[in-house]
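In the two complexes that follow, chain A is the common piece, with chain B as its partner first and chain C second.
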Partner chain A sequence: MRETVYVLGGGQTRFGELWEASLADLIREAVDRAIENTEILPTDIDAVVIGNMLGGETAGQAHLGTLVSGCLPHHPPALRVEAACASGGLAVHTACALLESDKAETILVVGAEKLTDVPGETVTSALMHAADAEKDSPSGLTFPGIFALTATAYMHAYGISRENLSLVSACSHRAAVSNPFAQFRRELPPEAVSKSPLVADPLRLLDCSPISDGAAAIILSTKRESPVRIAASQLASERLSLSDRPSLTSFGSTRSAFDRALAEASWQRNDIDCIELHDCFSTATLIHLEDLGYCEEGEAIRLYCQKDTDSNGSLPVNPSGGLKACGHPIGATGVKQILDCYKQLTGQAPNQVRNAIRALAHNVGGVGATCVVHLLESIA
Partner chain B sequence: MPASILAFGRYIPPRRIETKTIAAHWKRGSEQAEGLGIIEKSVASPDEDAFTLAWEAALLALETGKIDPKNIGAVFVGSESHPYAVKPTSAMLVTALKLENFCLAADLEFACKAGTEALQIVKAMVESRQIRAGLAIGTDTAQAKPGDALEYSAAAGAAAFVVGMHTIKHPGICTIDRTLSYTTDTPDFWRGTGEKYPTHAGRFTGEPAYFHHVETAARRILEEAKLKPSDIDHVVLHMPNAKFPKQAAKKLGFSDKQMSLGFIVPTIGNTYSACSPIGLTFVLEKAKKGERILLVSYGSGAGSDAFLLTMQQDGVPLSLDEDGTEIKHLSYAEYLQSTKVLA
Partner chain C sequence: MRCSSPRVHRVTSRSPTLTLNPRPFVDHIPALHRRTKELEKERLLPGKILSFTTIRHPPNGFGQEPYTVALIERIDGSRVLAQLTREGKPHAIGAEVIPHLRRIRSMQNGLHVNDLKYEVVKTADIPLFTVHAYVLALTGPCGVGKTTITRSLLSLFSSVAAQVPVYTTRKSKRTDIDPYITVTEEKFETMVKHGEIIAHTVLRDRDDYRAGYRKEDIQAIWKQAKLPIVTTDLRLLEGLSKALGRETILSCGLLPPGTSRRRMLSTLLHRLRSRGQHTEKQIEAQLKVAEADLQAYSDHKHLFDHLLVNDQLETCVESIKELVTPNGRV
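Take a look at the complex of A and B:
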């Protein structure tokens, strides 16, 4: 990083089926909490970046940068970014770029999504905007279907059993029990995952992150200091359609973004104490861990079998509960990941990883078409 | 002096389709149907509709209770599937049941609670002495879009109640001691004019819709009557599936035992405006003198009607063909034909 970008803190709404709240309500709540938690003045904010994918389709609201800017008394310059499910991470990355280029000194970054006011079929259809409209959509695929193709290939290639796969979601739910912002706060036995209704073979309902509403906001600054800095911020892209990829069981964008982030921060991967990972689907979680280089291909399941991924394990993954248990309001997820890493690094996380000094936030859009990686460090 | 249910009847067509047949047709696993807790649902024959079902139920009520049709001063029919948009089912029943022509007849619609609304209105007319006795009917041949989750539950049936003041000749089966309604504008389930099938808002039909209204109405009526859940002997809640009423009952503090007599959805399905009324008929057959009944219906859009009833005598078994009639299980094609999808 060319400048030291500090994470001053942030706030979020609960994630879930928030029928009483509109998209604007969610944004306002997250922004209010972020400002309250960081003790800055609203007028200290020089710019706003918001990540959101489906505001137009599900809430009739685009032009969201201006909407957020209007929450502040001085209407700072604002913009919206979109990269499907990586919209939140991209918002953070964009803010870092603005800070590093001295276009602003203190930036409010928001991620928000409102999905539950429209029928499930509408959301499913809109989410396909994250795939290739000419190559993927005409085949009748939905996003669970696309990831089911990767899951079929992965489970076949590496002999992953249904019973073992269910450990992934069970781990996330176990972690979320103590998270007051999580959509689901009950433990889930692996057997329940295995028996849940089939969504897209082999993926069952409880292999899939849910449809959720929610918003998160963080404040980044080069002017004000805090105990947490962003050590690296990297964005990588891959071909949009799965049909154009060399592999169904590896996403090059994760490999690329993470390698560059490690180089930027001058870290080794084993320097990282906890990971907020993009667990949109259980099999994708395993693929991501292998793409991040934490295990050989086909071996990530062992981390779950051995409970290494629990918050007191050797490689804590999603101690917040991840997308699966916290919920996945598309644009909010990437920002919430940074907030959860901040909480880990400042000892404030409900499911605290002991002695967490370095954290990784991994946010993916589409079927690994976009990957945004942030590395955060406690410098206290 | 509260009005009483003097007689009751029901009609459930003797045709069923199993939910596993529906799932198999759509090449789905059985998890969704099992999750709803419905094994099979009733299906009207092609020559049946909400009017004929209502007639069957009302005739049984009049005959079982030995009620002179000429004493009926009002007929209210609640349904989501009145055969005509304009031509009242209730008026057709006045003639079909040979009722007194100087009779108020009106059709009601409030999704699945139109039948219990009929009961409220007739009770009020009796207690205000506008009529000596009236008929309150809930009847439906419920519609569901093929392939939609509602297809597992939308069923056909009718229940009818003769309400009047109890006399020596008509001692009354139970008094309707108290009733109230709770109403909001909640867009959980609707069918636009001219549309064949309803639309529903998925998971929104749960907490903000069904549970909020049923629980609010139930708690309020118990509070007003200064009763606790343990004071109630039998509970009938609206049954859109098997899961919702059980969850609501648990939250309200009612046991499975209190729910058992009227819990008919697993083998009949959701008969919409007739749903909780049919459940009530099963309770009225078996409940004992002195026992208290809580009935809470739910209609999307949305609202709940709550009733407290007290048995004035032991339950009255209906002499139905149900016990003797063979139930015919349909294939999916026969089901489509019956529900006039192929018409």
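Take a look at the complex of A and C:
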């Protein structure tokens, strides 16, 4: 990083089916909590970045930058960014770029999504906008379907059993019990995952992250200091359509973004104490851990069998509950991951990883087509 | 089926007035018509299933019934995402499919959209991702001793190893790359197009000629539970590792003796001259290729498992023997 970018903190709404709240309500609530928690003056904010994917399609609201800006008394300049499920991470990345280039000194970063006001099929169709409209959508694929294609290939290549795969979702649910903002705060036995209805085989309902509403906001600054800084912010892309990929069992964008992030921060893989991972589907979780280089190809399931990924394990993954148990309001996820990392590094997390000093936030858009990686460090 | 681009779907309707027909437009422009025909041919290729899933909750317009979508690799190597037809054999990874034009969805205004669906015609005989055995590949510049080493290996392991026949377009016959099969240029091209030849290259002797390996031959040797041996150059090696998977190839690069690249090249020059088969001009050309080959060892490290110096034939053969049979078993 060219400048030291401090994470001052932030706030979020509960994630879930929030029928009583509109997209604007969610944004207002997250922004208010962020300002309250960080104890800054609203007028200290000199720019706003919001990450959102489907405002127009599912909430009838585009032009979100100005909408957020309007929540502040001095309506600072604002912009909206989009990279499907990585929209939140991209908003943080964009804010870092603005701070590093000295275009702003303190930025409010928001991620928000409102999905449950429209029927399920409409959300299903709208989510397919994240795939290739010419090559993927005409066959009648859904988004779980695209990930199921990678899951079939992955399970075939490495012989993963249904029983073992169910440990992945169970681990996320175990972590979310203490998280007051999570959509599902109850433990889930692996057998329940194995018995849940098929969505797109081999993926079952409880292999998938849910459809959720929610918003999260954080405040980044180069002027005001805090005990947590962003050590690296990297963005990478891969071919949009699955039919153009060299591999079905690995996503090149994760490898490239993480390698560059480690180089930017001058860290080793093993320096990282906890990970907020983009666990949109159980098999994707395994692929991500392999692409991040924490195990050999086809071996990630062992981490779950040995409970290494629990918050007291050797490689804590998603101590917040991840996308699976916290919910996945598309644009909000990437921002909420940074907020959860901040809480871990300042010792405020409900499911605290002991002595967490360095954290990784990994946010993916499409079927691994975009990846945003952030590295955070406690400098207290 | 006609279309002006690969993803404009032919739209049909119950009401004739709504039928969209791009034909007159296409017919007036010969080049476009030809291209459309080409695309049609391209799209109608059969293929194999790489992965599949059954969609239980279809998006708008695709009906209520679950259907199966597969990622298909067509025989020309291109990939497509498409639905499978309900009839046909059970689907699996590696199963063979052929395309049909079928109705795929209905739009709200009553228009029906047709697209290709694939029917499974043959279930998978060989699982696509399983490594059965491996291929021993020997790579090196001309004159380094690939042929001699291969012969020596074959005489040592005649019961467990076999050389993969080379398909070539070369007219003149030479005895040192037995067994090889000469085919015409056209036949070679067809075999490449149909995916029978999985790796091919252009070699230079007195004239340029093409040479390649057939997948069928390698599989036949595997079926006899033998180890296929291939002598390759960089392009053949790349082709093989792409077609069979890098992990399927035990790849040995052979180096001429010498402490520097210049010394190595002078050894090769000496060997080529002493063969007495080529003119000085041809030798010069071969040396240029050899220099590029030596550079390839450092530029394409990922393609080689071991680099061996062919100083003495016996030692080199012995080291390959050890690589192939690490436990000393033959």
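As a working rule, the second predicted complex is superposed on the first by the 380 of 380 C-alpha atoms of A that agree within 3 Å, B and C clash if a C-alpha of one lies under 4 Å from a C-alpha of the other, contacts with A are read in each partner's own complex, and residues count from 1 in each chain.
Here is the rule we go by: a contact is a pair of C-beta atoms (placed from the backbone, for glycine too) under 8 Å apart; a residue touches a chain by one contact, two chains touch by 3 or more.
Computed from a predicted structure; not experimentally measured.
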**OP:** Considering only touches as defined above, state whether A:A200 meets chain B (first), chain C (second), both or neither.
**Re:** second
Original post:
What is the contact status of A:E17 with respect to chain B (first) and chain C (second): first, second, both, or neither?
Top reply: first
Subject >> Partner contacting more residues of chain A (chain B vs chain C) >> reply: C
Subject >> First, second, both or neither for A:L72, with chain B first and chain C second >> reply: neither
Subject >> chain B versus chain C as contact partner of A:A84, first or second or both or neither >> reply: neither
Original post:
Given the touch rule stated above, what does A:A261 touch, chain B (first), chain C (second), both, or neither?
Top reply: neither
Original post:
Given the touch rule stated above, what does A:T116 touch, chain B (first), chain C (second), both, or neither?
Top reply: first
**OP:** Have a look at where A:V7 lands relative to chain B and chain C in the superposition and call it first, second, both or neither.
**Re:** neither
**OP:** For A:V364, decide between first (touching chain B), second (touching chain C), both and neither.
**Re:** neither
**OP:** Report, in rising order, the residues of chain A that make contact with chain B in one complex and with chain C in the other.
**Re:** 120, 197-198
**OP:** Could you please specify the touching residues of chain C with respect to chain A in the complex?
**Re:** 7, 9, 50-60, 62, 67, 69-71, 79-83, 93, 104-105, 115, 127, 129
**OP:** In the complex, go through chain A and note every residue touching chain B.
**Re:** 17, 19, 116, 119-120, 195-198
Original post:
What does chain A use to touch chain C in their complex?
Top reply: 120-122, 124-125, 128, 134-136, 138-142, 145, 148-153, 156-157, 197-203, 241-244, 248
Original post:
Inside the complex, what are the residues of chain B that reach chain A?
Top reply: 29, 31-32, 35, 199, 201-204, 207-208
